[in-house]
Structure formats: C-alpha cells, structure tokens
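For reference, the structure I am asking about is given below.
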C-alpha cells in the first residue's frame, strides 16, 4: 500500500510517502504563518520527489503539534506514537528513542514490539532543544553546521550554565571575553545541551539500543557530546528529521501498529 | 598552615578513605548539621557531611523533581556517581524537605549498610522539644552501638562533647580575629576552615586551627580589605562565588551559614547535667535553621548583632534556589538589616553560578557602598 | 449510546451550603461576639472547638485554592505577594493567601456581591510538618502587624514507628496550646466540647475514606473533579458535626449509586488516578479525559487521604475504623488529646514526609484495588510538601507495572501550567495505553 | 535564531551617530568618554567639559574589544578628534573590562543611574533600564548615585533581545513594533508563555488562529510590561521615573508600563540607549578632575 505521513512541527512541516516500507519521496517546508499553504507545499514537494500523483496515496496519517490542521488526514497519532513506530521499523532493536527537535526534546522507551512504555518531554525550557544551539551559533557568529564541526576538534571541557537559550548567549559572550577558543565554546554548548537531554532520558531509563532522531541528530557536535554523556553509541538514521512522518505513514499503511 | 583547610576540603574523599585504613573505624555520611556529631564521635565513628561538588550532572532528574533546591540534587548526584562509595552508613537529622529527598533517594539507590533518620523536632521554642529529642538520642545512641558494636558510655559522650567543643571554641577565636580592621584571613579561607571541620577528624581539625591561630596573630590579607561584608543564607560552599566577590574589592568578615557560624557557634554546656541532655539542649537551642525558627524569628536579631559586632557595611544574602525556608525569612532579615543601615544584595545559588552575571551585580553593590566622590 | 447511566449527585447542594456557611460564619463571627482564628487544613481544629460554639476558623489551603479558582483575583494576589518581596517559587496557596491580605480583599463573597475586606483573624492555630506550615503564619502575622500564634509540631516520624515519647511531645504541646488559648482569648476551656470535636474528627475522616473506597466499583460512582468539591469540607473543619453528618449522608448516597450502577463518567473505559493538588484553574482537563477518552480519574491518594484516614489491614489499604466504633470512650482532656494525636499520626498523607516508600506502597495498592490502567502524576510546583518524593513514587509505580504519565503545573499559580502542552501529553499517554478516542 | 539573522533582519534597529557642530572641542579642558559595550548594542559618548559633544550607537559583535573600538571610531568620525585627544575613558556594560583604552570599568547600573540623572535632571529617583539581555530597576539619589537596584534573573523575557525575536517573527521592523502594538481597540489577554523561545511558537499559534499582528504585539508588549512592573514594584517606585535602554524607545511597552504603574515616565530628550555610555563619560570626567587635583 502507498501511504503518507505528515508531521506538522513547530518549525517545519514534513511529508513522507512510502510503499510497503520503502520510502518513495519526502518533502519539507519551513512553517510560516499560513499552515494550510505550508501543508500543501510540503505535500507538493513530496509528490514531486516521489514522482507519483496524489491520488495514488491510499491513506494519510498526521502527527506533530499541528496535526489537527491536516483536514484530510484519515487519522492522527501523537509525536510520541509516531516516533516509536518509525524507530521500531528502522531499528527493531532500539529500546530508547531520543528525539530532539527545534523546540522540544523527547525520550521514549519502547518494548520489543515497538509499544510505548514510558515517555518524557522536556519541560518548558528551550535549553534542551535545537533552538538553544541555534541561538549559540548566532552568538558565535557562525553557521550551525560549523558549530557542530569545530566542536569535534575541541579537547577541553569548559563547564557552562545552560539555563536559558537567551542567557546562554551571554555566557557564550563571556567565554569569548575570557579568550576561550571557539571550538571549546562550541563543545561547551553541546555538552550543556547533552546534559539536559541525558537528564531527561534518564527519567525513562536509558536502555540500549538508543536511537537518536529529530533535526538536531544532524549536529555532529551534539551527537558526540550526547554519546559521551550516555556512555554508549547512538543509532542515527539517514533522515532523522523525517522519522515521525515515516512512523505516521507506516501506521497508516498498517505496517506499524 | 591556613592552606591545610583548603587542602582537606578538596581531598575530602581521599582523607576519609585514609582515615578508615588507618583507624579501621566507620565513616558516617550525614546530611544536615543537626546530626549530633558528639554522639557519633563517642561511638568512634567519623562523621563527614555530605556536600555537593558544584559540577554539572545528569543523574538526579529521575529521582528529584526540579523544583527542589540545587544543593540536594548536587548531594544526591555525588552518591549516585559513586563518589562516596567508602561510606559505611548515612544519617540525617530532620530539617528541611529538600535535603531529606537527597537522603531518601540515596537510601533507595546507593547501596549503604546503615541508615538512620533522626526526627529532630521543629518546635525548638517549645519546652517539650528537649525531652523529646533526648528520647530520640537514646534510640540513636543504641542504634549506633548496635551498628558499631561499641558501647557508648557517659565518659565517651563527654569526650565527644569536649572534642567538638574545643574545635568550636577555637574557630570562634579565629572569628574574633576577623573583627580586626585588617582581618588576618579572607572569607574564603574561613569557609574552608569551617567546612573542613565537617569533613575531617575533629581533634585533628582543632590542632590545625590551634596552629593557625599562631600564624594568624600577625597575618594580614596583603591586599586592601575594601568593603566589609556579612554573607548569610542557606548552605554555601561555593568557593568560586566567594572568591569572585572578594576579588572585586571586598572582604567577608562574618557569616550566618550552616557552612559557617550556624554550625559551630554554640557550645554544649555540661554543667553537671547528663551528657545526652546537654547535647539535646545544645541542638535545640543552637542558632536555628529557618525551618525551625518559629514562632519567633530568633535569627534576625542574631544576624543584626553579628553584622554590627564585626562592623560590616553591607550584607550579601544568598539562598539556594527554591529554598523555601530561607525565602520565608529573607524579607524580614533584609528589612532588619536595612533598618540598621546595611545595604543588602540578594542572589540565588544554583549548582554553579553564572559568574559573569553575578559579577555585575556584586560590583554595582560595592559601588553603592563606595564612598569615593565622583559626583 | 452511553455505556452507563448517570445522575447528578443529590448531596451536592448541601455541600455547597456547608461551604458557604463556613466562609460566611468566619467573616461574621465578630458581629455576634464570636472569635475568628486561622490555621492550616491539617491543624487540630478540634482543639479551639473547646473555646465555644461561636469560634470560627479559616483554613489556609482551601482558602488559597478558592482564590486560585478566580483567575484574575489570583493573579493580583500573586503579584501583590511577589511585589512585597516573597519569592515566586513559594507555596502558591500561601502567596494567594498573603496577596488577599495585602490587597485587603476576602477571597469569598456572597454570590453576586463584591469582595469585602479580608477579615483579620484573632489568633493563629497551626500545625507543622511541611517546612512552610509554621512559617506561612509567621508571614501572616508580619503582614497583619502581629498576631498571637501557636503551632504544634507533629513531625515525629512515620506512623508505623510511632513512639510513646513522640505522642507525649505532641500532646504536651497541645496542653501548652490549650493554656495559651485560654490566656490569649480570655475564655474558659470546655473539655466536653473538645471530646465531641475529637469524635467528629474521627468520624468525618473515617467516613470520607469509606466513600472513597466505594470508588473501587466499576463503573466508578464518583470522579475526581466532583470529589474535590466534597473532600474539601473536611479540609475546612473536620471536627464539625455538620461535616461529619454530611459525610454519613453522602456515604449512603454513593452506596446507592454503586448498587444501581450509576456512573460518574457515562462511557467509562479507562481508569486512572492522579496525585497532588490539581491546577485548580484547569479542572477542564478532567472533562477532556472523560469526554474524549472515557477515562475516569477515580481519585488520588491526595483526595482519598489528605483528610480521609486509612490504615493497612492484612495487606489491604482500608478506611480506618473510628476509636468510638472500637469501643473507645474519651473521659478527659488528656485522653482526648492522645486519641486525636494517635488518630492523626496515621494520616496517609503525612507518611511520605519521612520516606517516599510509604506513599509508593499506598499508591500501588490503590492502583491494584481501584483497578487502574494508569497513573497521572501532577508534578506540582505549587506545593513542595505534597510533591516531596514524587519522582521516587513514579519510579516505584512504574516498577510495579502501572504506566505513569507526569505533567508539570501549579495548583495555585496558573502561569506555571501550560494547558496546550498538558493536553498534548495526555493524548500521547492515552495513545500509549491503547485507549480508543470516543468521537 | 541563527537562521533568522541570515534571512530577514527586521530586528535590526538603525545604528546612528551624532555630533554637536556648535561645540569646538579644541577649546575644551577635559574631554571624557564613556563606552558601553552591551550584549546587544554598544555606544560611545564624548563629553567636552561635561557637555554632550558626540555619540555613536551600534550593534555589538562577538568580539567586544572590537565593538568598543568600532563605537569609539564612529563617534569620532568627522570630529577631527583622535583617541590621543581624549583624557579619560570609562568602560561600562557587559564588556566593560574589555574596552581596550578604558582606564577604569564601572558597572552599567551606576552608569545608567548617572546618565539618567544628566538626561532627566536631579529630580529623577527611579530608573528602569531595559537592555538587550537584562532589565534593571534602579533607585538613585539627587546626585545620580545608586541607592538600590534589582535585576531580573532566570529569564530573558522582558528584554530587548526578546523583542527582537518577536519583530523578526512578525516581519515588523523593530522601530515600528511599539507604535503598531497600540493599534488595538482593547487590550488582548496576556501571552501566557513569557519564555522568549516559546513565546515565539505561541505567537505563531495566535497568528494562525487569525489574530492580527497588532493584537499579538499588544499581548507581548503587555506581558513584557507586566514582568518589568513586578521588578519595579519590588524595588519600590518613586517619582520622577524614567526609562533608559533600547526598549525606552518602544512606546508600546513604555505606555503599558506607565498604565500599570499609574505613573508617567519622563519624556526622553536624548537617545535612551546612550544613557550608560553617557554616565560612563560623566564618571570619566570626574575621575580626570580628581586625578588632576591630586597632582
């Protein structure tokens, strides 16, 4: 069956189309103010990528904070459910899912059938989400990708007080004033964020294997800090930001339950 | 000599392990200064206060909800990370709810042979408190005897009292010297002195204090004293913070912390009484933690007189974030100090403090106190 | 088509009446030469009862919650307290209460009327187990320009380790307290009134527990949102005859609902419990659970046992039978105080102050006997006393096999509750429990 | 947020410099300078014998010594003055210890108080400085000396940076935000989430619900004013009252603060953002005089 999943997130709208577990196409757009238009645009991109017509999709499931905006969805799942379904398909051996998005971090423990056993969501603070690294990259006046990369070259751990995404900027500025090397600051930023995420993940109990998904999984600096904190290697799929959409599509097709 | 305190403070774990090897005795980790060290020492046990390390950690989130104070989380983290694996037992005397959680979660998740909850009464202003505490001390003493296999005699208790009293009295002598126009030691140094007393053998500590007294006789800071400050509030062994304040042109000359005067200010007075009663009276009547300072706030006039006697011109009021007992006293303390003409600066402590942000406030505060006429 | 029949609760009106009388009587006490006193919901209200029948209390926690229901007023109260220098993370009831003193507005008004000035109490009669309890009233006294105050410390360890000297400590303070009451009010103390008030205390707190025990039935005759409005009477004045009598009537009605399978939630398909005080301004969360998921919250250790008294009996968690039902006859003041002390020390919500394990055991037993599918814990930033150890409770409940969801909020400070995110979390939890949506 | 910076720049307020052409600095006895390196903006103020001669106001870069130099250079531009002509420089603001040519660093709290005293006169008793990343309520005496102060902690809501995030989100230039927020018939309910990051998604949600931009802005300005008033009330407000810092120029926030306090802020006669540097320059002048006397 050809099915689609759409993930209407805080920052992006993502669509994924699959057939019998094989990904046919993906589309992603930055969320603006007109949700209807964004959803349409994301669909168009995904259909174009898949090279199929819209009517080929038999079923559509929605997920993400804005899932109720998708009027023609056949059903909807929460981000927690969709994450678990997507990861269970990609990594049946995964027992812990860590999803770090732009404004939210989540940790989910799943059983051998991919069923959600427990979950934790970071509480009301963006310091444990992508927005934090973005703000820090801005303070350092470097692109986000660069922040991840130079962080890997650091050899020194500098403690940083990651309380708030905005105050984090002042901390970065004060590290700059203290003549701390940029690569060490980059690492401090990722360490601080990893500490928060690990703290949250420990609430559900970190059981191997651990899958890391969400846009922040593409930040190599963060991944390194997180692995150091968790004292294990995490599994990261090729398109970590599309796992929720994948999960929704698989649930729609009945491949995941 | 005075540097020894810092050295002991920094190497507390090594010290305790060596003490065990050397004496074969048991080490008891305790969570609050209401635990009667006199009785522990009488039992031949080394009581060490469990403190945090002021380092970021990610292990306590599953155990303590984030609205409790950073100090209790920092303490628990030490246990969960195995830094206190040499402890033979743990104990807490009933005080605030926050630190109690560090104790109970420790008991649940850190393997410990012996654990004792001592229900120290809160209504210390009631005449009923001493008899109640005395009965609890009898139980505590018995439990210690069963645990260590050592019978605790009245003579042992008297020795415990003398040992602790002597250290208290010597530290008070050091504090007297801080009244000088040019105090012989900084706030940071005296913090190391007091906190190390909570970490090492009391007799040894007293000997080091005694030797230090000679050294302090004609010592000066070797820098301008600057503004004379009192520092007060909840638990505080944040050396980075104290160092920062004292590097901005000021000196702490006196304090009211449980890592400072509240810990050692009051002596046990035997006066022919049986030793356990004497100890109970001391803990009931000591300078209280705010959890126990009701219905009358006895700490307020005490703090004001400390500030006056040590000639402080300003007060830094510190509080562990979320520490409700202190938050409930601070408005009263602040207005009492201000009535006496002392300016106050209020700051909240976390596991680590944002030094940059705090420095601006501290400097601005010192600028207020500064008499230099630039206007 | 609804799965079960439902019916409104007949006792409802009477409950409303008792509550209105309570706030009205407190405010009007001076008009008839009576006295007003203030203290917490846990205080030994039976003791001031010995001063006469015209002595009226106001208990702080339900009063703080009453304010929390009035969002705009609560907002002003919280602000007033903060602006007076009291930290934002302190107990939210306390800040609402102080705010109403600072603004000089009484948080309860006759329907349709404006709020009147806050009626200043004549004295304070409080107990102390949570760090904030006695200190709360120290500040009240500060704000009121000084009030006579007496507090009884009850923190003598968990009930299962009750000691004779622990009871002596509390009873001793009570004796001192009665002397103090006589001196402060200039009234003669009546032991017979005390004895009756002790009997009433035991009766109302035991009967409320029996009512909650009936909620083991499927379908549940009561849901938690309703229970809040009923249990609150015990927090107002558990020693009053009106409250004790009301619970007797309510017990009969709830038994009738059980016998006739009258449900609180017409499509009950899932059963949960919560923990700690709810965010009072957002009780619609319960309506959402019921209408969207057919989920009934059958209560919580909080609703069952903040006032209700329970005891372990052969591995079961059961309503504690009153001393009078066990043939105890109270003859004098000292005995009355001892019976009262021993009774209150077994209060389930006092046990976790010493160790989370006591609370975990009770919660797990409730989860089993009340046939729950999951547990929703409110990590309540507004109350450090009842949130104490909650993270350990969560771990223990999970360990016992019940799914747990947590949500953060604040019982009395709506700024700390994120409704949209909480609803989203409930969706995730219900989905993980496999609960089908009802629409 | 990094992305925002690259794509749109609605937050970017106008950088400016100014000079009084009527003053002949060469005739002056003491040329004093204050440089305020804040987390978001930097200013340099030049005084000639205590009279305002020139200033600059620009954005802070990640390198604060350089930001200080840039601000200095820009203030000097077109004056013919060089750094060698300046007698005393005081550094203030977040980067105060990194102002390369400063002889002394003084906190922005003292400098804002002093600057406000100059700008508004000796009747000023309460100063609110709403800066880029923090917010300070300051009580001052008639000489401009700080008597007491409070600073917001923990949270960046109610700061200039928060307002910038908002301007960007709504695609409204930062200088128009305040004006626009007043174009509502009645005040909307306050936004509940004051966290800068979450306020952003909350605002997006409101816009999607069909709230006009004006209403969203009004709600945010209101929330910001509310937080700041809390701070002021804790300190105690006495008239005269004035607002310095960047937000002082935002009528949407200022008018709401005034309304909640029931007190009017004095109308600024100078750019409110230069108050800190101005105070620094005044201190610099006093320090230079003192130095000369002692010689």
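To keep things simple, chains are lettered A, B, C and D as they appear, and every chain counts its residues starting from 1.
The rule we apply is simple: contacts are C-beta pairs under 8 Å (C-beta built on N, C-alpha and C of every residue); 3 or more make two chains touch, one makes a residue touch a chain.
Everything numeric in this text was worked out from a predicted model, so none of it was measured.
K.L.:
Please tell me whether A-D or B-D has the greater number of C-beta pairs in contact.
P.N.:
More contacting C-beta pairs are found at A-D.
K.L.:
List the centre-to-centre spacing of chain B and chain C in whole Å, with centres computed as mean CA coordinates.
P.N.:
From the centre of chain B to the centre of chain C is 36 Å.
K.L.:
Approximately how many whole Å separate the CA-defined centres of chain A and chain C?
P.N.:
Going by mean C-alpha positions, chain A sits 42 Å from chain C.
K.L.:
Where in chain B do residues touch two or more other chains at once?
P.N.:
Chain B, residues with two or more chain partners: 61-62, 356-357.
K.L.:
Give me the residue numbers in chain A that touch at least two other chains, ranges are fine.
P.N.:
123-124, 163, 167, 170, 174, 177
K.L.:
Identify all positions of chain C at which a residue touches two or more other chains, and write them in rising order.
P.N.:
As it turns out, chain C has residues touching two or more other chains at 85, 418.
K.L.:
Edges wherever two chains touch, nodes for the chains themselves; is that graph a line, a ring, a star, complete, or other here?
P.N.:
complete
K.L.:
Which residues of chain A touch chain C in the complex?
P.N.:
Per the touch definition, chain A meets chain C at residues 65, 77-81, 115-121, 123-124.
K.L.:
In the complex of these two chains, what residues of chain D are touching chain A?
P.N.:
1-3, 5, 39, 61-64, 94-95, 97-98, 133, 154-156, 159, 161-162, 193, 195-198, 201, 204, 207-208
K.L.:
Can you list the residues on chain C that touch chain B in the complex?
P.N.:
84-87, 89-91, 128, 130-132, 134-139, 141-142, 149-153, 155-157, 163, 165-166, 168-169, 172-173, 176, 353-357, 379, 381, 384-385, 387-392, 395
K.L.:
Which bits of chain A are touching chain B when the two form their complex?
P.N.:
123, 159-161, 163, 167, 170-171, 174, 177, 191-192, 195-196, 198-200, 202-203, 205, 229
K.L.:
Help me check something: in the complex, which residues belonging to chain B touch chain A?
P.N.:
Contacts found on chain B: 55-62, 66, 350, 352-357.
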